[in-house]
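Working notes, beginning with the structure itself.
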Amino acid sequence: MSRMVKGALHPFEHLPVVGRLVRRAAKPPGLPPGTLIHTGHRRVEVPRIEVIRYSGEVIRESGPEDLSASRLHEIFSEEATEVDGVLWVNVDGLHDVNLLRDIGEAVGAHALAMEDVASVGQRPKVEDYGDHLFIVLHMLRVEGSPFRIVDEQVSFFVAPGLLVSFQEQPGDVFGPVRERLRTAKGRIRGQGADYLAYALIDSVVDHYFHVMERLGERIESLEADVAERPSPEIMHRLHHLKRELLLVRRSVWPLREMMGALLRVEGPLMSDTTKVYLRDIHDHSYQVIDTVELLRDVANGVRDLYLSQVSNRTNEVMKVLTVMASIFIPLTFIAGVYGMNFEYMPELAYPWAYPAVLGLMLLVALGLLALFRWRNWI
Amino acid sequence: MSRMVKGALHPFEHLPVVGRLVRRAAKPPGLPPGTLIHTGHRRVEVPRIEVIRYSGEVIRESGPEDLSASRLHEIFSEEATEVDGVLWVNVDGLHDVNLLRDIGEAVGAHALAMEDVASVGQRPKVEDYGDHLFIVLHMLRVEGSPFRIVDEQVSFFVAPGLLVSFQEQPGDVFGPVRERLRTAKGRIRGQGADYLAYALIDSVVDHYFHVMERLGERIESLEADVAERPSPEIMHRLHHLKRELLLVRRSVWPLREMMGALLRVEGPLMSDTTKVYLRDIHDHSYQVIDTVELLRDVANGVRDLYLSQVSNRTNEVMKVLTVMASIFIPLTFIAGVYGMNFEYMPELAYPWAYPAVLGLMLLVALGLLALFRWRNWI
Amino acid sequence: MSRMVKGALHPFEHLPVVGRLVRRAAKPPGLPPGTLIHTGHRRVEVPRIEVIRYSGEVIRESGPEDLSASRLHEIFSEEATEVDGVLWVNVDGLHDVNLLRDIGEAVGAHALAMEDVASVGQRPKVEDYGDHLFIVLHMLRVEGSPFRIVDEQVSFFVAPGLLVSFQEQPGDVFGPVRERLRTAKGRIRGQGADYLAYALIDSVVDHYFHVMERLGERIESLEADVAERPSPEIMHRLHHLKRELLLVRRSVWPLREMMGALLRVEGPLMSDTTKVYLRDIHDHSYQVIDTVELLRDVANGVRDLYLSQVSNRTNEVMKVLTVMASIFIPLTFIAGVYGMNFEYMPELAYPWAYPAVLGLMLLVALGLLALFRWRNWI
Amino acid sequence: MSRMVKGALHPFEHLPVVGRLVRRAAKPPGLPPGTLIHTGHRRVEVPRIEVIRYSGEVIRESGPEDLSASRLHEIFSEEATEVDGVLWVNVDGLHDVNLLRDIGEAVGAHALAMEDVASVGQRPKVEDYGDHLFIVLHMLRVEGSPFRIVDEQVSFFVAPGLLVSFQEQPGDVFGPVRERLRTAKGRIRGQGADYLAYALIDSVVDHYFHVMERLGERIESLEADVAERPSPEIMHRLHHLKRELLLVRRSVWPLREMMGALLRVEGPLMSDTTKVYLRDIHDHSYQVIDTVELLRDVANGVRDLYLSQVSNRTNEVMKVLTVMASIFIPLTFIAGVYGMNFEYMPELAYPWAYPAVLGLMLLVALGLLALFRWRNWI
Amino acid sequence: MSRMVKGALHPFEHLPVVGRLVRRAAKPPGLPPGTLIHTGHRRVEVPRIEVIRYSGEVIRESGPEDLSASRLHEIFSEEATEVDGVLWVNVDGLHDVNLLRDIGEAVGAHALAMEDVASVGQRPKVEDYGDHLFIVLHMLRVEGSPFRIVDEQVSFFVAPGLLVSFQEQPGDVFGPVRERLRTAKGRIRGQGADYLAYALIDSVVDHYFHVMERLGERIESLEADVAERPSPEIMHRLHHLKRELLLVRRSVWPLREMMGALLRVEGPLMSDTTKVYLRDIHDHSYQVIDTVELLRDVANGVRDLYLSQVSNRTNEVMKVLTVMASIFIPLTFIAGVYGMNFEYMPELAYPWAYPAVLGLMLLVALGLLALFRWRNWI
């Protein structure tokens, strides 16, 4: 069997950090809080920044460009002086801790918040620092074939009129939101930064459903394979799937709590209008968690089904062996008896002895067959 | 064995969307909230609308007809001007999103509520929008033979004097409620829209008990089969059943919470009189959940029972093989010894040698039989 | 094996409704609330009513008689006019819904409460209707040999000075309470209807301990059998027991919650003196639940023990087969070699060849025996 | 195998009531509350009473003596008249219900409390009767070799200046407390009855750790045995241990809740100074529960380990059989072919045929050996 | 097989006390509270004390030295008189209970707190004594190769301007904190004793992530081994790992609760500034617990995978045996028939009989091979 699953060997060896069970520790122990250390993979060469400023009437975009730190200050100082509208700054790439520190200082983010931006592998959470909110969550994406789930940490700094988003790499799920901003579709242009935060979180959570769907299909294909062509490799695929589910669960479980915290934020940082929409995501977070648990239960059912099949198959094999051996071993014994070379074996001389012995053998064989059929073995 | 369960192959392949583990995502990620997208199966050609207006004294019914959007506005504008009584509009078929939007606008429903109407696969919930309630739950029905559980999303928009219900297809569990309205049986005609909502939810929940009953019978038949004629196919049926239970559980678990939320609704949308009745459904929701969990526990017991039987049967088969082989292999060996062709084998010449060897064989066989009987193997 | 457990076949086929996993639905879906439908077994020919009126000084009993509806009104109207003491009306048999409706109307019970009286299979609960309490719980009794647990729904309507109890059939656990009323033993005669309710609930809960005891003995006997004479039939008995435990659990779990609700009842319906006693039942309900869970855990331990024994036994059987086959198959082969009929087999002619081959066979056998002993197989 | 575990048979047959899964019901159902019925084993011939009166300066002890009921009244009436200090009356033996009733009346205990004293098998709890506290808990002791855990119910009646303790038999864990009272070590002599209660409960809980230690050692010895000399008897010992853990858990789980209730007692019955110490026991109760759960988890790990070993061993045995049989059965067949007695078998006459066949046999054997080695079976 | 795992035998025999399932009881039962008993291993010869006094401007260090009790009083009396800054006294080694008592008296610690310092194996907790906080937690470190997790209890006494830390042995995770104090890096020098406590706890918790990482790697290596070279020893390693996880869990679970309690401390003992940082550790404690649970789930997945492989392998072995035996046993029987010595066996004389029989044998063999291939066995 070991040969058969050769294709499934080392399934976890070349996993990037996102598939590891334990992500890098938050920081080397004992450093002062607020020390910025990037704990993830460097997934992009140079961080790129993209600036969108919009209000009900106008929208102005720049970037993505590779900005110098000096230009950065400009953005926040200049642009922030404009009275109206919302400034959305999106940062792709987190390994340049100096850049992160500069941004953090420019917008007045708490040192602990900036530390969490850089050290990926945070638990989804909302921190209310009074004059700004800090939100961490995980973007899940399906990649490759056979697909793997890629987990990317996204953080939002939300203040009145300002939202800064941090991602590990370019390429995100926010395209439709940008499109809505540009085309002024829906109510997004007329709302504040809290509504933009809602729209971005909503995009992330909507993607979870896509991931669930793919996982669901994979379980259903496993179910079909167990029924149709069970093979030892199924347990490997199942283990892989359950592991993936556990990793998704880790990103998804705290979501419910996080959305609850966001709904409890008081004051102007989160308007009541936006909260109506957040309640919708809150419901979705329950739905996602229900689905993860459902998939885990079904996966365990598939395991039970497969194991019972292995037992049944062993049982079948045993029956064949037992039937064959039980019928022929006695017959061989009878043949052996009359193959003995004793001088005085009177039966050997009778002409009817040979057919009689053959008949006896037939009787024995039929008797045993009848016994096995009666026991429902054949 | 693979041959034996051929009938059970691919049990999940042709399932309609309702039996899938993960239903379609709520909407393509990133769309503005309130975008109406029908995510279910189109189960009916043209949406059909049915209008019932009643008060203590009179009842007026129209439809089901296929209404144009213009006629629709008429209904709500005209009829809503009447002061007394309750207007119940029932919509079958959700794929015509323009129609849904029109209805939503006519009755003043929140955009998020209308989005949830169209995207089936919602978690049961109650949303209190101040001037109206929005309620989603799942109607479970048993269909076909061997039966399958069909899950249909039902939504209610409840405002004073107005209830709009949305279903995926014609054919529902509300027949008896219509009958009570027509015959003025019970107190329903004299009550408001909240009582009508109660009556409809009660119908849906009463149906859950019917589904439970059928599932319970199926488990009992599995129990009897495990005891009487265990076959590998049982694990397939059991897996299928547990899967069905998980899908039912997904629809049923949030019910308790939802009924609790409905009981906490303050103000005129839900009168205290109606709440006494809702408390009754609240109790039933606990009962349904208890039953689902009970059935899952029993299903696991059946699995244990079946697996222990497979082990026992393997054990039985092994014993037969061992007894047969252990008795005849030594005898065959003895026969083999005296079948050797050495020139100097003095025993071969003794006239009593043949019967003596036969006697020895008998002794060995009896001894081994005694040993196995002592070990309780035969 | 299938033959062996023949006695255990179809263990659930002839179960009365009380042993079914899912009891009848509360009512055909969609009926108006308060519709009285008896959902249980008709366990008695004609309902029988028993009336006890007592105060500190006197006690007056009548019945059990088969009362007409007209006589019934008399009881409640006449007797209720007396100022002092408590009136206890006990009804055995629930299938005459007209009678139940009459009683309900006579005492002013809520329609939903009367519906719950008739539709057995309710979850234990307390409903506080302001001027009266409605209490449902389950009476468990052990019956027959091998015993089965019988579950009977009991409901109490409690108002100041009045208690009406409803049972499915005559024969209950209230005998000692009647005796205490008659002999004025204890404080019961001097107390109100709430204390009588306490005394009756206490009787029911005390019986649970009896049921637990019997179930505990059964598990202990299973434990002894697994250790002493394990047989496939044990898993059937264990499954049956676990199923019984699940049914008991369904009746018992909500008890804790129900007693908590009873302790929270404010006002004259439940006096503080009585609550001290109710606290005692509350403790007992925890104890019963602890015991059910303990028994389930032990039952799972017995299952593990049995399954490990089956595995061990298979292992033992395999060893015997392997030892026998491994020793004799090589020997038979050697004998076979010298049974070949080649013309030029020089060994055959040596006079010492026969004993030498016998010696070789002995050596091979001893060597293999030594190997198996070293492996601790024999 | 059944022979091997003969020493482990009937492990539960001769258990005293303390080891039974379900202890005697609280009382025969339906008796008036407060009826004293001793439900335990009579573990002592005559109840013995011990009286200790102490204050900051003096201590006076009498007993243990077998007191008459009349002398009893004397104790409480006389001694209770003294103003200062604390009176501790310890009762060993609970079967003399008249004595218990007398004591209860003398100290003014609630009838329900006295009932709980006599009916052992209570859940640990605290009852606050306003003027006195009633506390029940379980004393666990390790006895015999191989040790068994003995469970004894201890109750405390605590009023200002008075503590009455009830035990099932002489011999307790209170020796060190008596010593501290006599030697005035620590602060105990200067404190009230509540502190004495604390000291006694603390003694009981400290003993739990001793029991845990012994259970922990037993699991560790099982772990070593599974690794070193696995035998079927291990599952019996494991089952026994898990059962013991379940019984301990039943006594220990409610402790946390009980200590919480004690910390919430208001007024002079439990002083704030004492509560600081009670908080310490509260922590310990969490620690004990953590440990019980940890031990259960480890015990399940040992079960998994053992079962995997049985599977592995079966696999090993199978391999040996398969290798032996697969090699020699074909060889025996070849020998059989040349043992046939056909007249025209030309090979038989060739002088090189015999060595050629022997060589062929060797080749077949080596080929099969190579195959099995390649499969890693040998 | 028993031979194969010899290297894994007795894995728990030589464990130091830290790896034991149950640590020593808190103290011999019944001692007065506050009795100092060291319950751990004596891990250091002589306790060593290290004193650091710092304020925003200056830092003064002395030690680690082996201090006499008299010198000790000096430290606290002298140093404590200085108005500014924070005094941090670190004690390594807990077996000298007199020293502990002296320190406790010098700083005014509660007797129960000092008892907990000495009796290692406490549950992590925070005690608020009004004028000082007492904090216990566990420092986890990875040691050796194959590594083992070492658990050391650390206690903090925190009062305004004073922190005393107690460890079981020299060598800790506080090096970076000392460095930050010396180099005045970060804000630590300007903050009070509560911030120092935060920094130390943060160091301890950061180390947990390191431990998790190592455990995660070990599980991943087990996963790879199960896929690549499954061997019975894997279950031993897995059991060992799960045991280690359980021990870590015991230290880590109460952390969440403990951090919550620390966040609820009111007054000057824990400033609001410090609480912002504590909230960060609170999040980390959730993350650690999530990870422990995730690792346990994955470990169970690995167990399932391994067990399914053993079953599959047994199945494979059985198939080989069955194929070999089923093919050759009938052939051997045929050969046996024509090896019989009857005088009248006409076939023996036909010249074409021998090749015909050989052909028959070939047909039988091919037929059986075809059957097995059809069944997918070969």
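Points worth noting:
For reference, chains read A, B, C, D and E in written order, and residue numbers begin at 1 within each chain.
Just so we're on the same page, contacts are C-beta pairs under 8 Å (C-beta built on N, C-alpha and C of every residue); 3 or more make two chains touch, one makes a residue touch a chain.
If you're wondering where the values come from, they're calculated on a predicted model, not measured in any experiment.
Fitting chain B to chain D on Cα positions gives a rotation angle of 145°, stated in steps of 5. Comparing the contact residues of chain D and chain E by number shows a mostly separate set, under half of all numbers used being common to the two copies. Per-chain Cα centroids separate chain B from chain C by 26 Å.
Multi-chain contact residues of chain D, defined as those touching 2 or more other chains: 2, 307, 311, 313-314, 318, 321, 325, 329, 332, 336, 339-341, 345. Put simply, chain D touches chain E in their complex at residues 173-177, 179-180, 185-188, 199, 202-203, 206-207, 209-210, 212-213, 215-217, 219-220, 223-224, 227-230, 276-277, 279-280, 283-284, 286-287, 290-291, 294-295, 297-298, 301-302, 304-305, 307-309, 311-316, 318-319, 321-322, 325-326, 329-330, 332-333, 336-337, 339-345, 377. Residue ranges on chain C touching chain B, taken from their complex, read 1-2, 5, 8-13, 20-22, 24-35, 110, 112, 122-123, 125, 127, 232, 235-236, 239, 242-243, 246-247, 250, 253-254, 303, 306-307, 310-311, 313-314, 317-318, 320-321, 324-325, 328-329, 331-332, 335-336, 338-341, 345, 347-351, 353-354, 357-358, 361.
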